[in-house]
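Shown next, in C-alpha cells, is the structure this report addresses.
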Amino acid sequence: MTTESRTARTVVLGQNQYGKAENRVVRIVRDGTTHHIKDLNVSVALSGDMDDVHYSGSNAHVLPTDTTKNTVFAFAKEHGIESAEQFGIHLARHFVTSQEPITTARIRIEEYGWERIARSGTEPGAAGPAHSFVRTGQETRTTQVTFDGRNWEVVSGLKDLTVLNSTDSEFWGYVKDKYTTLKEAYDRILATDVSARWRFNWTEDTQRVPDWNTSYTEVRKHLLQAFADTYSLSLQQTLFQMGERIIGHRSEIDEVRFSLPNKHHFLVDLEPFGLKNDNEVYFAADRPYGLIEGTVLRDGCEPRIPADLTSL
Amino acid sequence: MTTESRTARTVVLGQNQYGKAENRVVRIVRDGTTHHIKDLNVSVALSGDMDDVHYSGSNAHVLPTDTTKNTVFAFAKEHGIESAEQFGIHLARHFVTSQEPITTARIRIEEYGWERIARSGTEPGAAGPAHSFVRTGQETRTTQVTFDGRNWEVVSGLKDLTVLNSTDSEFWGYVKDKYTTLKEAYDRILATDVSARWRFNWTEDTQRVPDWNTSYTEVRKHLLQAFADTYSLSLQQTLFQMGERIIGHRSEIDEVRFSLPNKHHFLVDLEPFGLKNDNEVYFAADRPYGLIEGTVLRDGCEPRIPADLTSL
Amino acid sequence: MTTESRTARTVVLGQNQYGKAENRVVRIVRDGTTHHIKDLNVSVALSGDMDDVHYSGSNAHVLPTDTTKNTVFAFAKEHGIESAEQFGIHLARHFVTSQEPITTARIRIEEYGWERIARSGTEPGAAGPAHSFVRTGQETRTTQVTFDGRNWEVVSGLKDLTVLNSTDSEFWGYVKDKYTTLKEAYDRILATDVSARWRFNWTEDTQRVPDWNTSYTEVRKHLLQAFADTYSLSLQQTLFQMGERIIGHRSEIDEVRFSLPNKHHFLVDLEPFGLKNDNEVYFAADRPYGLIEGTVLRDGCEPRIPADLTSL
Amino acid sequence: MTTESRTARTVVLGQNQYGKAENRVVRIVRDGTTHHIKDLNVSVALSGDMDDVHYSGSNAHVLPTDTTKNTVFAFAKEHGIESAEQFGIHLARHFVTSQEPITTARIRIEEYGWERIARSGTEPGAAGPAHSFVRTGQETRTTQVTFDGRNWEVVSGLKDLTVLNSTDSEFWGYVKDKYTTLKEAYDRILATDVSARWRFNWTEDTQRVPDWNTSYTEVRKHLLQAFADTYSLSLQQTLFQMGERIIGHRSEIDEVRFSLPNKHHFLVDLEPFGLKNDNEVYFAADRPYGLIEGTVLRDGCEPRIPADLTSL
C-alpha cells in the first residue's frame, strides 16, 4: 500500500461518488383485496468529503453502500412510493441531511409498469380480488433526483419507447460530398427508440411540488402525439417538435434532451424476382444506425442536462 | 484439407440443417391512409441430402442461405403476412417442393406487436390518417412450422410475458433434508416470465386450417386468466392449470410446454430498523431462480415438443 | 382452483423437471499464499414422481429448489471443484440416490476462465503471493451431466468462441433458383462463434473416468486447429472437419454437435469513391446470419445430442 | 407540420449532434501470407450550424449520416488503421475541415482484440500462412477523439476488464447509522469490471503525437498491476492507486476516470450443514452492486472527463 503524504502528491482526486446501484425494490399496497404495485430499480450515488478513503483507505466518512441499500428498502415501507420522483426526494434529503460528510446525493430510479390481469368471467376494473398483474413491457420510466443540501434538480424521462411512422417522412436536399451515395427519399419509414430526459424547474422546497405522475403521463402523451402529427423532413425536425410540444404544454419543465437512433428500414429490392416493392416490404437493420441527439430549451433557460444520457 | 474417401471414414454425419437466421422483415399494408404493420424475425432451417457439402465442400445441393433470405422478403410481397403461421407454411412448402435435395424445412418466426398512436385531438380508432405505431413491448409471439413434404407440425408460443400475483400463493409441506433451510410460506409473491409453446393437431393439408390469429389471442387470454384464477400451492400447480385451461378450451391444440422461472421476490427483513414488513416490501432477485418446466397433453396424444425450448 | 378428479381428466402431465437455475458459485482454494479459483454457474433440474404437485399442489415429493441451491454451495465445500464435470457428477448422484421420488437429475454448468495477474516487478509464475486474477473473457466452458440412477450421460462443450479466417474460404457451385442473387466468392472471410457440445462414452461407474480437464483442453485445441487448417469451400465442410478431428483424436468422445452462425463480413464497395477494395475493408454484419448446425458421430454410435443446444 | 417563425419561439435549440453510430469495420492487411486484422466499431457525431434542420427540416447543412458511414469505410482503405486513435483523428479532421457547417466532430471507437490460431504441427509465431484468428474476448479498448477545428481532445479507455483479488481486501471502520447492518470484513474478495477513461495532454497538431498503441498497453499493465499490488481497505483506495499509477508512469496522460462496480461475493453460511466456510465458498451476486466512481488528476490539471462514461 502506497503511503505518500498528501502534500507530496503529484496526483489529486477529482469528482467522485459512490453508493449502491440497482436496488430492485417491489412495493405492494393492499387496499382490501385490491393490491397496488410499484416496481423500481434504485441507484444511490453520494459525494462529499471523501478524500481520505481514496488516499488512505480510511472509511471514517463512508456510510457503507450496504446501508444505502437498506435505506432504500426501509424507506419503501416508511414513506411508501407515491412516485419515483417523490421516493427519490425522500432518499436524497435523508442522505444529505443525516450524514455530515455527504454534501450531495443523486438518486436514479427506473420504474417498470404493470397492468392488471382480469380473472376469467370478469372484466378489468370489475369488483372482486385484484392482485394479478402483467408487466406492460413498453417504455421504462426514469428519474434522477439530485440534492446538494439547498437545491433540487429533478430530471425525469423514459427510454426504449419504440415508435414508427410508415409514411409522412422524407429525406432530401442534403449536402453531397465525394463520399455521398445515398438516394433521396420522398416516402420512407421513420422509426426510433425514444430516449428522453426532461428537467423540472422545481428546485426549492418552498416551491409548489409538481404532480409527478400526471406530469409523466402528459409528457408521454405529447411526445407520442408530436411524433404522430409531424410530417417529417428529418429526424431532427421530429426531435424538435417533440421537445417543443412538451415545453409548450408543461410549464413545470424547462429543458428536454433526446437521444434518437434512426432505426433504418431499408426498402428491399424485389425487382430481381420480377416483383414491385411499392413501399411494402422493408428490411429492419440493426447497425449502423443514425443517432440524432439534441436539447430543446424554454427560451431564457440554461441547459443543465449533459450530452450523454444514462439511467443507471 | 482432409481428403479421406468416405468408405474409410470412422466418423459420419448426423442430423444437420442450415439456412438464414433472423431475417428482420417489416411488411406494411396500405389500406388508403390507414396502414397495417407486421414485424417479424424469420429463421429458415433446411435439411435433406447434404452429405457432400459436409464431406467434400461440394455445394451442388446447397441453395445458398442468401437465397433463403431473398425468398423471405419476396414472399412477404407475394403472399403477404396474414399470420406468422401462414407465412411460415408458405415458406416451408416452397423450400421442400421446389428443391429436390431439401426434404424438410423448419421455419421459426418471432413476431413483435405494435399498437396505434392517435394524433392529437383524436382518439384511437378515429377517422383520418393512421400510420403511426408504438411497439407494445409485451410478450413476443413465436411459431415454428415444420414440413417434411407430407406432414406439418406447427408449434406456436410466446415468451417474455412477465406476470405476478401479489398474494394467493403458498409453499409448504415439502421434503426437508439436511440441506434444507427454507421457511414455509403461507402468503408469498408468485412471479414468472412465461415461456410457452403449444402444438396444433393440424398436420395435413386436407384438414381445416386453424384461425391462427384467433387461436393466439384466445390461448394468451386463457393462460393469463388461469394464472390469475389459480390459488397456487406451487408453481407446478399453476403451470398445469395454465396448460389444462388451454387444452380444455382450444380443440386445435394437443400439447403445451412451459418453461417458468420462479422469479423470487424476497420479503425484506425490516426489523433491524424497527419496522414491520407485512408483505409490503420485497427484494426482486435476479439469480438464482427456480426453473419449472413441464408438458401438458391432451389425453391419448403423444408428446412431440422437446424439453428445451428455443425460438431462434 | 379447478378440482377435477384425476380419473376424469382429459389432459395429462408429460415430461417435467424443476430445480434451481444459475447458482453462481465461486470456489477459492488456498495453497499457502497461492490461491486457485473456480467460477461456475450451476443449474439443477430434477424429475421423477412429480404428478401430485402438478395436479393438486401437494409438495410432499418436492425437495425445494432452495435446497438444491444450498446443496450446490455445500458440495463446493465438501467435494471441491476439480472440474465442472466431476462436480456435476457429485450433485447428480446425490439427488437421485438420496431422494426416493427423484429418478433423474440433470446438472448444467457454465464455467468462466480466469488467468493470473502478475504483481509489478514480477512475471506470471514467479514466487510470491498469487491471489489476483483477470477473467479470460474468451469462450464459456459448459457441461451437462445426467444420471438416471443407473447410467450417466456427460455432454460437455463450449460457446462464444469467436474465430475468423481472413482467407482460404470460398463459396461457389451452389444451386441457383429464381430467388438467387448471390455472387460466387473465391476469397472471402469466414467467421463464426463456435458453439459445440460433445458427448462422452463414459456411461457407467465401472468404466474408467475420463480426465475431464485434459479432455477439454485437447478438444478445444483440435477444434481451433481444424478451423485454421481447413481450406474451406463451405462452413459445413469446416464443421465436419472440426468434428472429425475431435472424434479422431479423442477416444472418450463419440458425438459432437455444432451450431455455427456464419458471421457475414461483406466486402465494402469503394468504387464510388475511386478506391479499389482488394479484400481489405469489410462490413461486419449482425443479422441475418447463416446458421449451420450439424452432428458428427463416431461410426456405429447412436446420436443422442438434441438439435437445439442450450446451456442453461 | 408546425411553421412558427423563429422570432416567436418560446423554445430554443440547445446542444445537438448527429451522425452514424456503430459502423462495424474490419480491416485486413495482407503482408504476404501473414494477415493482420483490426476490428472496430466506429460512431460519428457531428455538430455545428444545425438550427435549420431542427426548426424547419431543411437539410441544406446536413451531410447525411449515410455519408459519414461511407467515409469510415473509405478511410479504412485510404488511411489504414494503425490505431483507433489515429483513425479517429483522420475522421474528425476530415469532417470539420471539409464541411463548412460542421464545427465539431466527435469520433468514438470500440476495438475488439484478436490473437492468432496456430495451425496443427506449428507454434504461434512459426513461419507459414497466418490468417486464422480467435477473438481475445477480454476487455474492449475504447477511444473518443474530439476536434473543434483548433484543438484536439483524446480520451481513451477500456471497459469490461473483470478482475478479482481473493484476499488482501478488508472493509471496516465505516460510519454506522440506524440502517447499518453490515458486518465488518477483514478478509474478503474484491472484484470489479474495470471501466476506465484517460485523457491525453496532446491537444494541438504542433505537439508530438503519442504512440497510442504503446500507451494503451502500458496503461493496461499499470492498471492491472496496481490492482494486484494494492492491499485494499476500500475499493475507493484501489481506484485511486490505479489512477495514481497510470498518471505517475505515463506523462502523456493528465486525467483518469473510473467506474468500478463492487461485484459482491458473499461468503456462504455453511454452518446449517455442519460445514466451516473458511473463505472458500462464495455466492457471486448480480444486483445490487456497489458503484464506485472517481477521477484522478495530475496536480494542476483541470478535469474534463464527465461523470457519466459511455462508449457509444
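Chains: A, B, C and D, in written order; residue numbering restarts at 1 for each.
As a convention for this text, contacts are C-beta pairs under 8 Å (C-beta built on N, C-alpha and C of every residue); 3 or more make two chains touch, one makes a residue touch a chain.
All values derive from a computational prediction rather than experimental measurement.
K.L.:
A-B or B-D: which has the larger count of contacting C-beta pairs?
P.N.:
Pair with the higher count of C-beta contacts: A-B.
K.L.:
Distance-wise, how many Å sit between the C-alpha centres of subunit B and subunit D, to the nearest whole number?
P.N.:
Chain centres of subunit B and subunit D, defined by C-alpha means, are spaced 37 Å apart.
K.L.:
Between subunit A and subunit B, tell me the centre distance in angstrom, where each centre is the average of that chain's C-alpha atoms.
P.N.:
Centres of subunit A and subunit B (C-alpha means) sit 30 Å apart.
K.L.:
On subunit D, where are the residues touching two or more other chains?
P.N.:
Correct list: 23-24, 70, 74, 179, 181, 272-273, 286-287.
K.L.:
Draw the chains as dots and join the ones that touch; what shape do you get: line, ring, star, complete or other?
P.N.:
Chain contacts: complete, every pair touches.
K.L.:
Which residues of subunit C touch subunit B in their complex?
P.N.:
Against subunit B, the touching part of subunit C is residues 1-2, 9-24, 43, 45, 50, 53-67, 69-71, 74, 98-99, 101, 171-177, 179-182, 230-234, 236-237, 239-241, 243-244, 247-248, 255, 257, 261-262, 287-299, 303, 306-308, 310.
K.L.:
Could you list, by residue number, the parts of subunit A that touch subunit C in their complex?
P.N.:
178-179, 181, 272-273, 286-287
K.L.:
Can you name the residues of subunit D that touch subunit C in the complex?
P.N.:
23-30, 35, 37, 39, 70, 73-74, 76-78, 114, 117-120, 129, 131-139, 160-168, 189, 222, 224-229, 265, 268, 270, 272-273, 275, 277, 279-286
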